[in-house]
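The following pair of complexes shares a single chain, subunit A, combined with subunit B in the former and subunit C in the latter.
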Partner chain A sequence: MRLTFAKTLQLAVTLLACAFLFIPTMQSVLAGLTANYFRGISSGLTLKWVAQVWDLYADSIFLSIWLAIACLACTLVIGIPAAYGLARNPGRVSRILEEFISLPLAVPGLALALALLQLYGSMKGFRTSWTFILVGHVLYTLPFMVRSVLAVLSAMDLKTLEDAAASLGASPWRRFADIVVPNAMPGILAGALTVVTLSIGEFNLTWMLHTPYLKTLPVGLADSYASMRLEIASAYTLIFFVIIIPMLVAMQWASQRAQRIK
Partner chain B sequence: MSIALKNVAKTYPDGTKALQPTDLEFRAGEIVSLLGPSGCGKTTLLRLIAGLERPDAGSSIHFDTDDVTRLPVEHRRVGMVFQSYALFPNMSVLANISYGLKMQKLPAAEIRARADEVIKMCQLEPYANRSIDALSGGQRQRVALARAFAPRPRILLLDEPLSALDAALRDKLRDELAALLRRFKITAIFVTHDQDEALAIADRVAVMRNGRVMQIGTPEDLYHNPRVPFVAEFVGHAVELCGTVEDGKLNTPGGRLALPRTDADYQVYVRADDVKLSQDGSLRGTVESVTFLGTHYRVGVSGVVQGLLYANHTGTTPPKPGDTVRMEIAPEALLLLPRERHAA
Partner chain C sequence: MSSATFVRLCFVPLIAFTLAFLALPLVRLFFASSESSAGWGIYLEILTTPRYLQTLVQTVLVSLAVTAAALVISTTAGLFLARNRFPGRGILLAILTLPLAFPGVVIGFLIILLGGRQGLVNQLTSGHVVFAYSLFGLFLGYLYFSIPRVLLTVMAATEKLDPALEEAARSLGASPARVVLDVILPGLAPSLVAAGAIAFATAMGAFGTAFTLATDIDVLPMVIYTEFTLSANVAMAAALSVVLGIVTWVLLVLARNFSGATVAGGG
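Right after this comes the complex of A and B.
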């Protein structure tokens, strides 16, 4: 196969972009596995740092996964009916509501966290519980779920489909379960993928809301960068990758499968 | 199942009167078409019977002796075929057809048996496990009909069931639909704006305009004895012959025409089928257009009515545009209709 100039250029740019992202990643991962970073690879490879990170921060990792799952559950329970309501009643009021729930995207996470602290900071039991962080995550990720489901629902003639189901004897609840949810599935899965990813990686807001006993993965990462040796911080990055990449791949695969079945 | 509508009206929240107070009876087992131009209220009337719209206070709808006026659609046990078919894209053909049976909570074996029966009736056997996306327009229409009919509804309602299909397919499926509806032996009401469709399928046709039923009758009755000018114009495209009445004859710009009677003030209408080109006809005009339609020529003649008066000419040698022709109309072929009040 002969490469034209344009093709060669495309390939070169692509490879450069990959290298730009990949080389620092590899360096960081290697640093986490090197016995002494300042002496380089020649000092030998070790899993010592990874084990130390696990000892110190395992709780953060589990907390983050747990938060992501709880956040997903909340956005599903709130977001799907909300998107359904907006899709069934299109109009100016719906437009305004949609913009309103999207506000947390435009407002910096720090401001959002500050508002939460001002409002609920004095409620001690709530302030120190993981549900406080959860509230922040749900506020931040909900618009992604709503918009993603709404886009799918708006693209089909939902009202007529529901009329058809009703004429066949389906109650409002059955219509929602049999018609609305299955047909919104591509949007729900895309939304779920976004919500989980954002929740696990969220730093801004979480950093403001966390307590010393409630550190999420990214907060722990910041903590280790600030207070530990470089090798430990790098080992932490490695663990982050090992956890998040298989999760993302699995969700991507599931959503593609589900869309094919549809 | 017979249907009785008494004083049924529908006013939308914005104040639009979609349906004026209407009384109608549908006999058990008959196929009735609601025919009219768009916006005449025919779809609203159908949705009121289905229970998809709530009628104004004072309306009453009965299925036989059962008062269903306040019953929501899911409890009315009606089958409905939508204009867009509204097949569930997340289900196979079989699942679509079984859905109504599932909602009745029948045992699985019976659902399967009854779905198979309807699938066979509608000749959908090869497609039962296909997805909706893999069907042609005609197949979708049959699935929609099978889905509506499978739960054994009390009545079957069809909203423009053929309008989503292309013209070539429509004629074929029209006869197929008529045959299927007769085989179902069910009271069926279908909405259409296409007079050929209404006349071909229905036992009786209700012609609607501006939220009112103008006339209801058999297709023959509507065609031969329209009671109002609108029905004459809409069913069979009659045109009005304008002129002054004198000595039992109508003076038109194209000549004098004998009238069957002159007892009252009325409008005179005629259809293209009844206008004959003839050497010694009493009307004269200039040929403007000649269209060959296979079985006959459609000749447009100016100088008799405002616009063109059409004559269906069955001879082999048609006149040419620009020719002067003579025409005659038998007095008994004229439709004499009471002058329309322009209030509505």
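Right after this comes the complex of A and C.
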């Protein structure tokens, strides 16, 4: 690579942007592992803060993982058949339906949460249970699952495959289970990783829907930012990074793999 | 069971869920906005009450500034990374895209580490520069989550540009600057408009970052939150949510019609 003036300028902007994104991340990792942040690294490295976070917030971490798994199950059950239906009936009604279920991508989570609270806030049993948060997470992640599966299904010749199977006497259910689902697998995998990653990190809806007894990981993070010392807040953020970054890498890998099918 | 019946059944879970937890709640939210003494006049009240109007203007201005900055930075970096191969490129790309899944609250905290009272800048400058809780801190927070979104859109679009056009321009004697201005940027324009709309809409609705940083700054999501929780002014919170939701939705529909890009998500 030869560096001209223009390229040097581009490189400088790129490096500055990297520094802006990377330095605070590193600060947070270091602060979570440093015995005393104000005295700096020279005060020694420790896992004390990580252990304290575990004592204080382990419940929130497990709740988030549980919610993500439940959310994944819901989006699979609702999303795969829906994507199949949309792929089989491409047309205006399908377009409108797809547009409508994608609203949670555009409308801020805060507004959706308010809407849910307006309608279901007075149903105490539902309002205070974890399923209320689950509804919010499914609402937000479902469009990602539907679109991811739909993209793969639309790229292949579904009709020919199904006609072949039907001519051999396969029932609609057999065709769905034995042809549609296996062929859609790269889309399902990419969608699943996206759903889990987004569910674990979801804050905007969850903050409005949660109760004091049901804190998810990001809600716990907000709580620690407001009321804990910097080292604990940082150690908690570090734990979050350790969970979310591998998920994100896997998600990007799976999405690229699914896109190559098109 | 016939094939058509089976396909119809496939829609049942989706329609049941969407009706119960998306359509009906949104309708309820819309009607809740009229349940104050002002009735539907509440939407007029947003424009005539200085505090709400100022909030609206401030939110739009911050979002516009973030959009402009993110477009400049991410287009420059995106073009550079898409067109050059060098050792370390993969690492730079990873650093620039990983924050995509950071929730807004975490980004708020990262800005505090950078510009808060105990932040890096304040330590380096012997204790006088605190900007995390100001409008500038909010701007940086929004910029933080906008850079990866715009970058991914720009890089995807750059890969679809035809390199032959640039070679043709160069062989005709165009300078590198002319090639960028007359060939590359026009080619990227639809994607840039789409990426800009996504960045703007995300910044307008970003709650998590504002929640950590903007305790004293009136931006729309924070005002909705305080109207709802502190003032119990449900109708106004609902009305502002409706306005915010419509604005962001319309922008993203326009963005998609422009280029088919959909890198959305909450900030």
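Keep in mind that, in the parts below, the second predicted complex is superposed on the first by the 222 of 262 C-alpha atoms of A that agree within 3 Å, B and C clash if a C-alpha of one lies under 4 Å from a C-alpha of the other, contacts with A are read in each partner's own complex, and residues count from 1 in each chain.
Simple rule for what comes next: contacts are C-beta pairs under 8 Å (C-beta built on N, C-alpha and C of every residue); 3 or more make two chains touch, one makes a residue touch a chain.
Just so you know, these numbers come straight off a predicted model, no measurement behind them.
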Touched partner set for A:Gln52, first subunit B, second subunit C, both or neither: neither
First, second, both or neither for A:Ala166, with subunit B first and subunit C second: both
Which of subunit B and subunit C A:Pro182 touches, first, second, both or neither: first
Partner chain in contact with A:Arg88 - subunit B first, subunit C second, else both or neither: second
Partner chain in contact with A:Val138 - subunit B first, subunit C second, else both or neither: second
First, second, both or neither for A:Arg174, with subunit B first and subunit C second: first
Subunit C versus subunit B, contacts on subunit A by residue: C
First, second, both or neither for A:Leu103, with subunit B first and subunit C second: second
Set of subunit A residues, in rising order, touched by both subunit B and subunit C: 166, 171
Complex interface listing, subunit B residues touching subunit A: 50, 52, 72-75, 77-80, 82, 84, 86-90, 99-100, 103-104, 147-148, 151
Contact footprint of subunit B on subunit A as seen in their complex: 156-157, 160-161, 163-171, 174, 178-179, 182-183, 185, 262
Subunit A - residues contacting subunit C, complex: 1, 4, 6-7, 9-11, 13-18, 20-25, 27-28, 31, 37-38, 77-79, 81-82, 84-85, 88-89, 97, 99-101, 103-112, 114-116, 118-120, 135, 138-140, 142, 146-147, 166, 171-173, 176, 197-198, 201-205, 207, 218, 221-222, 225, 230, 233-234, 237, 240, 244-245, 247-248, 251-252
List of subunit C residues in touch with subunit A within their complex: 1-3, 5-11, 13-14, 17-18, 21-26, 28-29, 32, 73-74, 76-77, 79-81, 84-86, 92, 95-106, 108-114, 118, 120, 140, 143-144, 147-148, 176-177, 201, 204-208, 211-212, 221, 224-225, 228, 234, 237-238, 241-242, 244-245, 248-249, 251-253, 262, 264-266
